[in-house]
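Below is the structure I would like to discuss, written out as structure tokens.
Read from first to last, the chains carry the letters A, B, C and D; within each, the first residue is number 1.
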Amino acid sequence: MVKIPMGVLGATGMVGQNYIALLKNHPWFEVRYVAASPRSAGKKYKDAVAGRWQLADNYAPPVGELAVEDANDVSRAAAANKRGECAFVFSALEMGKDETRALEEAYAAAGIPVISNASAHRWTADVPVLIAEINHHHADIIPRQQKNHGWDRGFIAVKPNCSIQSYMIPIHALIRAGYPVERIIVTTLQAVSGAGYPGVPSLDMIDNIVPYIGGEEEKSEKEPLKILGLVRDGVFENAALPKISAHCNRVPVTDGHTACVSLEFGREKPSLETVKKIWTEFRSLPQEMNFPSAPAEPLIIREENDRPQPRKDRDSGGAMALVIGRVRPCNVFDIRFTALSHNTVRGAAGGGILNAELLKHKGYL
Amino acid sequence: MVKIPMGVLGATGMVGQNYIALLKNHPWFEVRYVAASPRSAGKKYKDAVAGRWQLADNYAPPVGELAVEDANDVSRAAAANKRGECAFVFSALEMGKDETRALEEAYAAAGIPVISNASAHRWTADVPVLIAEINHHHADIIPRQQKNHGWDRGFIAVKPNCSIQSYMIPIHALIRAGYPVERIIVTTLQAVSGAGYPGVPSLDMIDNIVPYIGGEEEKSEKEPLKILGLVRDGVFENAALPKISAHCNRVPVTDGHTACVSLEFGREKPSLETVKKIWTEFRSLPQEMNFPSAPAEPLIIREENDRPQPRKDRDSGGAMALVIGRVRPCNVFDIRFTALSHNTVRGAAGGGILNAELLKHKGYL
Amino acid sequence: MVKIPMGVLGATGMVGQNYIALLKNHPWFEVRYVAASPRSAGKKYKDAVAGRWQLADNYAPPVGELAVEDANDVSRAAAANKRGECAFVFSALEMGKDETRALEEAYAAAGIPVISNASAHRWTADVPVLIAEINHHHADIIPRQQKNHGWDRGFIAVKPNCSIQSYMIPIHALIRAGYPVERIIVTTLQAVSGAGYPGVPSLDMIDNIVPYIGGEEEKSEKEPLKILGLVRDGVFENAALPKISAHCNRVPVTDGHTACVSLEFGREKPSLETVKKIWTEFRSLPQEMNFPSAPAEPLIIREENDRPQPRKDRDSGGAMALVIGRVRPCNVFDIRFTALSHNTVRGAAGGGILNAELLKHKGYL
Amino acid sequence: MVKIPMGVLGATGMVGQNYIALLKNHPWFEVRYVAASPRSAGKKYKDAVAGRWQLADNYAPPVGELAVEDANDVSRAAAANKRGECAFVFSALEMGKDETRALEEAYAAAGIPVISNASAHRWTADVPVLIAEINHHHADIIPRQQKNHGWDRGFIAVKPNCSIQSYMIPIHALIRAGYPVERIIVTTLQAVSGAGYPGVPSLDMIDNIVPYIGGEEEKSEKEPLKILGLVRDGVFENAALPKISAHCNRVPVTDGHTACVSLEFGREKPSLETVKKIWTEFRSLPQEMNFPSAPAEPLIIREENDRPQPRKDRDSGGAMALVIGRVRPCNVFDIRFTALSHNTVRGAAGGGILNAELLKHKGYL
């Protein structure tokens, strides 16, 4: 199979670096276009990230030789698209919300599909917020989106905030199995890589935690309702439930968001054994279609009482699986558990790549 | 005022060290008797803790010269008591539950009041579990306890588990103000000093958190019901509410337990402003009587959105105050907030000393 | 004694905050003037540092009400000086070297003595680099400096880089006792507070160390030669020895720089016992004159084999003492040891205050 | 190629776990025998390590099903050896020195070669201390060792202390290239995994470093002399040089020992460029023979001024390469640099496996 040449916007930042590293040996996609801020533009990628590369894993050597383009200059990407070197882009742009929104639209208008990690378009009416295992069918709003804008091949699809990804798939699995979830109180212990680099100052993370992450709780409470919602007549209809209350904390962990979840079902209340069975057996389109980045087991249950732990469990399933532990009755709601996902892989670049695989599978790329 | 000479059992351990350090300049009490395991017995205190002393603050030099006694040998303490050198003891024993229970009873039987941090007697029917600001009146079960056992001057009074102390006083303040709390879901981020020394291995606390602390959640859910309960006819009657669900996590922090709390009131629901006013104005017997270890303001509210933080706030009010932040509506229950207390001071030795001050005030010491 | 009213430039930064906190109860000096960047100018100090205050210890309430001035506007300070509210300033400016140099000179020219933590003037020919216990006599170059510039009451005195302070006093003590030191190889493990706030990113300090601090090794190798030098005919003459080779590392510690030192004496080689005696008995002018910030014992030797440790030892002697451990023969040079000092107190604000006390004592303030 | 079945002694400990994980897909060796303390004996391996497994990487499933043997019972291993299931063993025993020495000899006497990480036999006259890239020829003392003891096929070969491995290969490379090194002053910043599990308490590693590791400095100063020595008439003759002075510190890093090295050459002093060329081009027997665990480039030079860093560089070359940075002139000796190696892979289990590959190559296994 000939690989699809594509690009990464914001390629020098933290999430951008993860895209570059994760795509190193991707069987379908090949990085041929990298763009970043004007400051990096014109440099070779390897020079632009020298001294800023944060990952143990390195990038494929050919990427290092690519000239970094100015992400603001859509015409460069459009030309690359015409040359067959940039069929679509991952957007890991780190700029203001309004600028991001406009720029992503400009790429789409230029015929370049944009698969984005940015939050700018999450509440745009015709933009799907995708977690491939949950709402893959939301992708089918894309033709409507293209029609709305008069776009030909371009479109925008986004992924949700990283922190909810540690528990949304388990919630969805329960709902899908016939056990609607009505209320969730969740406390997250989030890794510093979620704030990029330089991000969180070390003085805040030595002998300390910070009980606040700007905007995170609001996103955690609202985005799930769009993801779990319906598409009716080409319009998203948000789910009314579950009600979610989130407490988001920053802790001294490099990668891996942990969530302590208490949840209440509606009338149908599964036993703990049923819950575990639902999770262990959960498979969705990415598994059925065997997408390259899909974890074989998306939900891994650990029975030891002190797991999941970020350092030991975050890389499970190629860092794309969720690890769930401490499944037990809740003294106030019905059940409680602790869940973990790798925030820069499953929660960011890896999730974006899985979305691209889904969109390719569905014929939109 | 002549200081009351007293002793510390388990004086070489982590909590014992805190007792010794905190009592350095205490206006009422003076450490004249130290006991520990047979391994330390016979050594000078300063030699017994050499290489094991964990605190930045040091102990009063005279204590360093005391000979460490064997904590198992109650006759030594009884003799010291007769000599007027050990009017009562703080128990920071680190042994099995049954052994601790029996040994604390032996001290009480020998005429020596025991004010304990150990969990052994928390569910003994006639032993009060005291948080001085909440249930100081529970101390008045002591004559009944003495009568039950035929003890003369000895008795046992204990303090609850450290993790609940970050939020029980605020809960009590609301209840006292006429706003009963019915349900609480709380997630704690607990410091490693709570596990003593050597305690938690560093391999578990570098780039990691551990979502489990043995026995902690059970204690957190049950002990508040005794503390908030009534004494009727010389017997404790546990409160029926609030229902509590606790998720307890260990995080890489030396001192300071953080709690993320969502709570639901009964019919009476105060406004956020009322909640804050209740907390800011809260005073109880320790403040009214101006006990030496009582913080002037037991509940301190921080308005910055990223507080409380362990390193910056744990020493507030001489490490005896609770610092509360992020008071806001809960999307599922009524309100939510984050609270912090110093686990080895307010939550352990400092809380024990405050209990002793209460018991002295009430004439039991 | 009436306190001398004075000011802090750069009062909202990390070192500035330390000045404000340390001067809270100072018996000689009283903060009456605070200046910072134009961004903070006009705000009350308490508002300017809200959300940026890094210390557990707080500032004196009157300081919180002071209006922050623009540090670039020397005329404001000059007016305060005339009003008797700003007899001298501590400079904790965080700007470019050239700008700092010019601005500090402008304050001096306006009649305001400047006691600086900045590195800008360390190599200015007539500016003394003071460690009060070592080269207090270097202060006597001040009249010459004033004459050189035609300054009346103003002058500039600075302190050296924080990292050398962990071992320069012990080196000086040996030299003063008749044992010249010829060669030093030192590796430092430096705290993150040395880089200010936000400073070192947490991603660099979780499960990691960084073997580099820009400019630190050069300063560590050169500044001691000025400090240990002579003043001849009103001009500094740098010492030729010791030759120093420094390896400077950043480690995940909030406060407290540790130095592992191997040193070689000249012909006169003291025994280990002599070395320890020299250090234990070392006293200098600050101790003899009992300056308020002078530690009674400037050099504290710990005999345990695993000390000094930053968290346990940095606050020794009011965070102004050096703690030395592991004094032992060196397998290559003569002796080796590990030394620790609190970098934001002894190594920054506390050291500056001690210098001010020295300059007051000598009549320059 | 049929894999050689072999065993691991101390298989449940930290180093033992690394052996099991690293041998998962080894092309030459296959774990068929696991032994540990009597406490684990009789359990399946997966049950014996449940709740104690420290690594992100897991073991091969067949190993999980092996029954753990009692390491003290050599007859079990001898029987397995006869059945063709235990051709040799890796020893990661964690017991007293004398017991280890005796037990390793008993295995050798039973015909089972022992490749050990333990320090017990490092100073035994006829036991080679191997770093495969440096002194592979020392392996040829094995026939003499076997003759000394009247052993048939069994023998003992060991590896040195982990901390020296970060800089011994570069030192050897320089010596081999004709630039003898006379003096070394080195300070190490060592990872906590070097102390096993539970090992270093977290209270010592939060906001702290510990400037001491028992026995480490002595080993660091002496073991290199045996490794760099000659074999003359079947007897090791230790090298006289280099003189080494080591300062060993424990820092809050999971894996990866960092060393800050200053060194002095003898008369022949290479330029910095020559030094780097020697290191970059260095290859030895493991590379020439392409041993499975040999890194293609054993010495990797990073030119960025802030590398090597443990988290980013420890996995270089399959965690078997050394990463060297900051190569620069020394202000006291000739050159200085910072070097890093993965202490539980290159410095422990991986180094042991490479030694086994060497011994297989030489026909001793």
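Heads up, the rule we're going with is that contacts are C-beta pairs under 8 Å (C-beta built on N, C-alpha and C of every residue); 3 or more make two chains touch, one makes a residue touch a chain.
Note that this is a predicted model, so its numbers are computed, not measured.
Taking the definition of touch as given, a chain qualifies here only if it contacts chain C and chain D alike; those chains are A, B. A comparison of the A-B and A-D interfaces places the larger number of contacting C-beta pairs at A-B. Averaging Cα atoms per chain gives one point for each, and the point farthest from that of chain C is the centre of A. Per-chain Cα centroids separate chain A from chain D by 41 Å. Per-chain CA centroids place chain B at a distance of 47 Å from chain D.
The distance from the centre of chain A to the centre of chain B, with each centre set as the mean of the Cα atoms, comes to 43 Å. Within chain D, contacts with two or more other chains are made by residues 54, 204, 206-207, 252-254, 306, 311-312. The touching residues of chain B, when paired with chain A in their complex, are 183-185, 187, 189, 204, 206-212, 214, 221, 243-247, 249, 251-254, 258, 260, 262, 305-312, 325-326, 330-333, 336, 338. The residues of chain B lying in touch with chain C in their complex are 50-51, 53-56, 206-207, 254, 304, 306, 311-315. The touching residues of chain B, when paired with chain D in their complex, are 54, 192-193, 197-207, 252-254.
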